[in-house]
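Can you keep this structure in mind? I'll have questions shortly.
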Amino acid sequence: MTALAITRMNDLFAVVMLSGIYSLMSAGFFLDLDAVDVAFTEASVGAGISTLLMLASLKMVKRYEGKTKYKPMLALGVVGATALLLIYGTLDMPHFGSADAPIHQHVAPRYINDSMAEVGVPNIVTSILASYRGYDTLGETLVIFTAGIGVMSLLRVSRETKDQQQKRVPADMQQQIILRIVAKMMLPLILLFALYVQFHGDYGPGGGFQAGVIFAAGIILYTMLFGLSTARLVFKSSLLQKLTAVGVLLYAGVGVACMLLGGNFLDYNVLRHDPVHGQHLGILLVELGVGITVATVMITLFFKFTWRTVKHKYIEQ
Amino acid sequence: MNIIGLYNYWIVVVLMAIGFFIVIAHENLIKKLIGLSIFQTAVFFLYISMGKVVGGTAPILDDKWHLYSNPLPHVLILTAIVVGISTTAVGLALVVRIQEAYGSIEEHEIQTLNAQDQIECQLEAYGFMKNNAFSVKSLDE
Amino acid sequence: MEVLFDIISWVCLVSGSFFCLTGGIGLLRFPDFFTRIHAASLTDTLGASLILVGLMFQAGWGLVFAKLLLILMFSLLAGTTASHAMAKASLKSGLKPLESDDAEKDGVPEGERPSQQ
Amino acid sequence: MYELTALILLVVMGLALVRAFLGPTLYDRILAVNNFGTKTVLLIAILGFLGGRPDFLDIAIVYALINFISIIAVLRFFEYSSKRPMDEES
């Protein structure tokens, strides 16, 4: 696991492949440490989307890394010193896996023992994510939203290339007939599975973040095989932008609705007469909002990067 | 025993050191981003491994189990991963723009180009000619 | 019945892991890409499905069984398709299969065999 | 029994990893990554049974899916830039 990270040397492409493996491994590690939800997210995000984005941007830059100008010894020294200090710092830390570490004393018992009665959702991670720490998650969703806007404005493509792009028949994977057919067969399964993850997140691992990423991965698969212009017929950029905003608004709107009904912001108890039912409804809506935002932002990111690539190719020719 | 029980932190430290090293020692911007994400993963490991309880199971309630790992770090890291990918995406977008503007993503080349640009602008602002010896001298500074 | 299922699943698991192991060794030891993809993808398909079937026997009917079935379908579809695509892409990019010195030069079908699997 | 299978899978993952490091051509690396991913799927499934909670097979499904998608992405990447030589030494 650790040895892997060292050997990422010259060829950037190999580096990206290795970082894909690295991500898969770390997800396995998370699973081993009982963090199923985290493993889920890392698998879909780290191994999938980030590798895709890295590849898409690698298309546009040089593949090989240049010679490093400076001697790495100084850097090595600094890093070594930092590592030694950190290891010295860990000597006071609680042992791995010990149940009486300070982290397990404060709020975690409340979450573990009472969340079933208060929220009524078996998956504690979901209940903390959407209910106890709903503010945090709202903030995270906003961060993702902002990142989407940032990439949109950074990688803007002018109108003229767009028209030319629509005329161009995407001939990239035209030869791979088997691949196309199999992908077509798998696409509905993937989308169905994403919905399952979305709405089953209360009971098993999963939730809005993961479902959004899986949904986006399905769409990206389609885009890669059938061309960007085909996929854009379904997901127009105006639709994507609106949906991104709708997700965040849904999340915040649930909070405002709670306030209007007499509770605090994001206090789902008041949504229904029975507090537990209210919590259920609130978590479902909030996760839906997160899912919509994440899925649309991921699709937008991929579209923007691919579009940029197409533009580069067009200019080159 | 006292020392062995801390091995998870050491793994984290080693990973962190590798990521840190890549960030400061490599000049390629994409490599730097990957180093950054390794660093990020090290932090994730730190949190998750602190949440682990020996003999515990995943924090999804079930009648058969009574000891669960701490769910709080899982929540924090779950959102952190997704935010991490968004920041990486913004970083990559910046890299692409830099490539378009400078034709390179190596740090020192960009800096050289920047310095040249700046000096030329300054010289022009002060009314110097570009082709005399003075500008070459100030480039060396 | 229970014991019978256990025995069947053990046999499946052990033989599946044996196939995986041979595939891994082949992946490491074979001389060029096409022999490697041959070793890896054939054993991959068989080993993975055997292991999954073995787990299915352990799981019994239920949601877990359905999920295992889904994974099995997925790996059968995706794994074979991916190796086919890989072999095709590498052939198109000009990677020639290793040809033996004494035999007649028919390396291409050798390289494409995993894709037809 | 699960332990044995998991152990063997770990060994195979190690072998694939070595191939991914060595890999004279890029396609070897892609193949190794693909193989690694498949083995990870199996390992996740077995770990679920080993830990006594086989409800978490969703993760294995996601792995299989993501593996497929990333392999296709890589292949597509090379259909774009196939003018360049495929051998890595440079």
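Letters are used for the chains, namely A, B, C and D, taken in the order the chains are written, and counting of residues starts over at 1 for each.
In this text, contacts are C-beta pairs under 8 Å (C-beta built on N, C-alpha and C of every residue); 3 or more make two chains touch, one makes a residue touch a chain.
What you see is a predicted model, and the numbers here were worked out from it, not measured in a lab.
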Legend entry - Far-end chain from chain D, centres as C-alpha averages: B
Inset, instruction - Consider the two chain pairs C-D and A-C; indicate the one with the greater count of contacting C-beta pairs. - result: C-D
Legend entry - Distance between chain centroids, defined by C-alpha means - chain B, chain C (Å): 37
Legend entry - Intercentroid distance (Cα basis), chain C paired with chain A, Å: 30
Legend entry - Approximate Å spacing (C-alpha centroids) for the pair chain C, chain D: 12
Inset, instruction - Would you kindly tell me how far, in whole Å, the mean C-alpha position of chain B lies from that of chain A? - result: 17
Inset, instruction - Identify all positions of chain D at which a residue touches two or more other chains, and write them in rising order. - result: 30, 55-56, 58, 61, 65, 67-68, 72, 75, 79
Inset, instruction - Would you mind listing the residues of chain C that make contact with two or more other chains? - result: 70, 74, 78, 81, 85, 92
Inset, instruction - Would you pick out the residues of chain A that each touch at least 2 other chains? - result: 36, 58, 176, 179, 186, 204-205
Inset, instruction - Would you mind giving me the full set of chain pairs in touch? - result: A-B, A-C, A-D, B-D, C-D
Legend entry - Of chain B, residues touching chain A in the complex: 5-11, 13-22, 24-28, 30-31, 33-34, 37-38, 41, 44-45, 48-54, 56-62, 67-79, 81-90, 92-97, 99-100, 104-106, 108-109
Inset, instruction - In the complex, go through chain D and note every residue touching chain C. - result: 1-2, 4-5, 8-9, 11-13, 15-16, 18-19, 25, 27-28, 30-32, 34-35, 38-39, 41-42, 45-46, 49, 54-55, 57-58, 60-61, 64-65, 67-68, 71-72, 75, 78-79, 82, 86
Legend entry - Complex contacts: residues of chain B adjacent to chain D: 57-58, 60, 62, 65
Inset, instruction - State the interface residues of chain A toward chain C in the complex, per the touch definition above. - result: 175-176, 178-179, 182, 185-186, 189
Inset, instruction - Could you please specify the touching residues of chain A with respect to chain D in the complex? - result: 4, 7, 11, 13-14, 17-18, 20-21, 24-25, 27-28, 31-32, 36, 39-40, 43-44, 47-48, 51-52, 55, 58-59, 63-64, 172-173, 176, 179, 183, 186, 190, 193, 197, 204-206, 210, 214, 217, 220-221, 224-225, 309, 313
